[in-house]
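Right, I'll just put the structure down here and ask away after.
Going by the order they are written in, the chains are A, B, C and D; count residues from 1 in each one.
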Amino acid sequence: MSVSALFEEACTGLKSLFVGLGITGKAFCQPQVTVIYPKQEVDNLSTFRGHVELVGKEDDPSVPRCVACGACVKACPSDCLTILCPVPAKEGEQDAPVAMGPAPQKGSKTPGAVIVDFSLCSLCGQCAKTCPVDSLRFSDNPYMVALDRKEFRIDLMARLKRQAEEE
Amino acid sequence: MSPDLLSFDHPLTRLVVGLLCVFAFVGLNGLVLVWVERKVAGHVQLRPGPLHVGPYGLLQPIVDAVKLVGKQLAMPAGADKYLYWAAPLLAFAPVTVCFLPLPFDPDLAPMRLNIGLVLILAFSGLGVLSLILAGWGSNNKWGLLGAARAVAQSVAYEVPLLLAVMSVAITAGSLDLYEITGKQGGWPWQWYGVQNPLAFFIFLVCAVAETNRAPFDLPEAESELTAGFHTEYSGMGFGLFFLAEYANMIVVSGVAAALFLGGWQGPFLSGILWFLVKVYAILLLMIWMRWTYPRVRFDQLLNLSWKWLTPLAIIDLALVVIIKGIGG
Amino acid sequence: MAPQNPSLAPAVNTVDPALIAQPAVQKLVDVCRAMSIWPMTFGLACCAIEMMAVGMARFDIARYGAEVFRPSPRQSDLMIVAGTVNKKMAPAVVRLYEQMPAPRYVMALGNCAISGGPFNIENQYNVIQGVDTLIPVDVYVPGCPPRPEALLEGLFAIQQKMTGRRWWQVPQGGQS
Amino acid sequence: MQAFDTAQLPRDPSSVRFEPGPTEDKLILSMGPQHPSTHGVLRILLELDGEYIVRAEPVLGYIHRMHEWMAEQKTYFQFMPNMGRVDYLHAMAWNWAYAGAVERLAGIEVPERGEHIRVAVTELNRISSHLLWWGAYLLDLGAFTPIMYAFDDREILLDILQAVTGSRLTYSYFTFGGVYNDVPDDFASRCLAFTKHLRSRLPMYRDLVTDNVILRGRCEGIGEMDVDLARRYGATGPVLRGSGAPVDTRRAEPYSVYGKFDFRIPAYSQGDAMARYMVRMDELETSCDIIDQAVSNLPDGPCSAKAPKTLKPPKGEACYAVEGARGKILVHVRSDGGPKPYRVKLRAPGFSNLSVFCELARGTLLADAVSILGSLDLVIPEIDR
């Protein structure tokens, strides 16, 4: 390689370095794109999927539409949903306290408890898609943190009641 | 105790006071520089950088320093105890000495030496020793690789750096930083950096390499050697390396300002303010470069030094000698 | 889960006694520590990408002084376990935790780190069912993966845990 | 000096097979599983002579998540969310490969609108993957700022995808017969605005990084691989195209509606890291072209065919190949007629691409190894599965 070609190459190299400085320098003066988080929030949170939650009935928002069919429990890939219903008492045991069993239970059309273990969930949406009465939807609760992993077992019935009261 | 020793004119008193001032100056500037660096990085990357800790994040470096002091100091098993702990101290100590002959202002001379330049170069050359000790003493393979790189890099860049400095010293006819600064004027065309831009350029490149700053931060190349020579240092051990890096940056910027940018002299209002402004301008340039470029490869770094900078510096030196010879 | 083999033993956690045991000084130091949490560059899986996103311009964890991602565990304060830990990785996680100098903090980011997440199914053979079986976890951030803001909330929660108060305002939305 | 005694090495079960070489004064270095430039938990055992690499051997399994085993434990529907986590950077392609294989097996037809949406979201996802690779690669090479710019653009893209899928990263958006839900009304306009924006950003990327002399020094002539080598190891995607073979599943065996679109397959013949880099940068434009064509005449109609609630495909097997951001993704499903797959085999492109690394890294410097590793664009969970 001749010396002149070498110097030419060095010059293009140096020029590229100055161009790079120019770009970062220009960026220095540009407005920032940061969302100052606790003060501001991003504008599209509503489309983000949080954990699942129950949908209340039209006439009584504190009662879920759920018919305790157990389809979502069966559809869930990671067993995060638990739906408990009162077990119909057997013959001769009418006085015994009502036991809770996994849905579906004969004669039970409303769930006793709906619990989601969010720490197992992959937010795939299979449960919401399978639900025959559209009783499950994704919440907008993306900022959840906890100091104990037990807190991620969320009682959805209680949550629905709380939401209904707030409205 | 002789009364002489207490007076400000006694060289020893001046030295002690000067050293104390230097410590304060280094500490303060280190903190400010950390903040400036993180802020500049933020703004270059379209984000605010430290913001919520103190106004504009100003307390961030102080908080970091307190945290580093409060961290547990861990020494890896199999490390050489003495070398391991000596290294961070050795990294920091010579840098403070380097501050003494820096010409902040004609009236503000902690130590006025006729060979100030030599002192600075000698002691800044000592810095690499701490990197070797850190890398070797911590019994870590990444650290060892970082140390090996540091040595090769330091040797390679000392040569063109010295040659570039020499060309200025020959032009000025002195090794005294005050005299060299005094030979220049307040206006940019009277600066050696403008009269001899090649030497200035070589000095800047070498300065970045000497201080192990990106794109020449090979001894601590994060993506290659995790953290290089200080991989095993926690808490204040790491903090001292960190501080030494910034102190080193200030030293080389100070030397650059004195040698090439006319030091404390400005077109108007000569004084320490001008010196600090020039130092910070060079520091900003170094920070700006760090957040722009990728890291060079090790052999490219050496090639750049031996194949480009050294020959250029020699040519530059020869030209300076010839011009000086012709001119008088 | 009881550890099944010796290489999956939980981490040893030792803390040096404080040099100055004055409550006021301790409090000040705690605040300083809380404001300067340096995480470790330790990405395991999907959540690591969101961990990167939180350092980027839109969310900018640097505002809280936590952008200094250190690749060496010796220089980091916070270990963000961002992803699935399996049996082969578990000894390394424990080792890294033990290499971090005290005081050190652990954030389990994402469902995999919290409980094994979607991989924690019956009879599974490889995934650790929660990183808290290996190392003490300070804060859990659920999601698959969590939003970057959730990671920031996790950071606030750790700060709260260290200093006893929440330093930043509670965001308006998203808390239903 | 004594000869190296192998018994002195720590008997870590994962490194037993890596025996040190016959000569002394070699350094055995374990890079990873926690190393900033192995992109996750890949571990590479290196035998170094000085900083020169004598031998490199990847150690896998640090993020093995039992995907193929899980497929046998779950129903066809339930395995879908796993696909978003095999390769989280290009989740859509994996979604598609699995959905496509099951559709082929069960004989489900996808409506035209569904196909167009699939193409659009997959290409958007490919752009986000390439942008992230670009940033992360430069992070490997020591430049901190480009990844921020890349993420700025990526965030716009993630917002679009979040509006469609509800998730930012691990999408499980495809269903058998189409997509999970229809796209919002402004999807097409947002996509077009994004492609326009990205095209305007590409010159900046070029000036800041591609033309940079330091980057060129780090990439040009590094990790050279000819077509033969690439083919021998089964490398696909940008790694193969960087060696000069313009092979792309989208063109070679057109699936879905890719046959309708007009796009260029970029290929560079140098075979070095720079060629792979350039291929990916050009693919950003290719993807923009495809998105423009896919969304500008989005057909009306249903986005998804009616699929049965419990899927029991007939006995048999089916393959479906998709071009992912990292190469050819292939899912092979075998059914025994039951509700669960009998076997699902995932062909991850990263695995083959990583295998080339041993060969490329030999004789290079440590810094080059980092550059080569980055240029292969690895996603470790995909390799370990």
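Note that a residue touches a chain if its C-beta (ideal position, glycine included) is under 8 Å from a C-beta of that chain, and two chains touch if they have at least 3 such contacts.
Here's who's who by UniProt: B = NADH-quinone oxidoreductase subunit H; C = NADH-quinone oxidoreductase subunit B.
Predicted, not measured: the structure shown is a model, and the values here were computed from it.
Enquirer: Sort out for me whether C-D or B-D is joined by the greater number of C-beta contact pairs.
Expert: Greater number of contacting C-beta pairs: C-D.
Enquirer: If you average the CA atoms of subunit B and of subunit D, how far apart do the two points sit, in angstrom?
Expert: The mean C-alpha positions of subunit B and subunit D differ by 43 Å.
Enquirer: With chain centres taken as the means of their Cα atoms, state the distance from subunit C to subunit D in Å.
Expert: 28
Enquirer: Would you mind pulling out the distance in Å between where the CA atoms of subunit A average out and where those of subunit B do?
Expert: Centres of subunit A and subunit B (C-alpha means) sit 51 Å apart.
Enquirer: What is the distance in Å between the mean C-alpha positions of subunit A and subunit C?
Expert: 21
Enquirer: Of all the residues in subunit B, which ones touch at least 2 other chains?
Expert: 44-48, 51, 222-223, 226, 291-293
Enquirer: Going by the touch rule set out above, which residues of subunit C reach two or more other chains?
Expert: Subunit C, residues with two or more chain partners: 56-58, 60, 63, 71, 118, 121-122, 144, 147, 168.
Enquirer: Where in subunit D do residues touch two or more other chains at once?
Expert: 35-36, 74, 81-82, 85, 145, 148-149, 152, 155, 168, 170, 208-209, 212, 214
Enquirer: Is the way these chains touch best called a line, a ring, a star, complete, or other?
Expert: If you draw each chain as a dot and join those that touch, every dot ends up joined to every other.
Enquirer: Can you list the residues on subunit C that touch subunit D in the complex?
Expert: Touching subunit D: residues 7, 40-46, 48-50, 52-53, 56-58, 71, 73, 83-84, 86, 88-89, 92, 96, 118-119, 121-127, 144-145, 147 of subunit C.
Enquirer: For the complex, give me every residue of subunit A touching subunit C.
Expert: 32-39, 41-42, 45, 48, 51, 77-79, 117-123, 139-149, 151-152, 163, 166
Enquirer: Which stretch or stretches of subunit C touch subunit B in the complex?
Expert: 15-16, 28-29, 31-33, 35-36, 56-58, 60, 62-65, 67, 70-72, 74-75, 77, 99, 101-103, 167-168
Enquirer: Tell me, which parts of subunit B touch subunit C in their complex?
Expert: 38, 42, 45-53, 57, 59-60, 62-64, 66-67, 70-74, 222-223, 226-227, 230-235, 238
Enquirer: Quick check: in the complex, which residue numbers of subunit C touch subunit A?
Expert: Contacts found on subunit C: 57-60, 63, 108, 111, 114-118, 120-122, 130, 132, 137-144, 146-147, 149-150, 152-154, 156-157, 161, 168-176.
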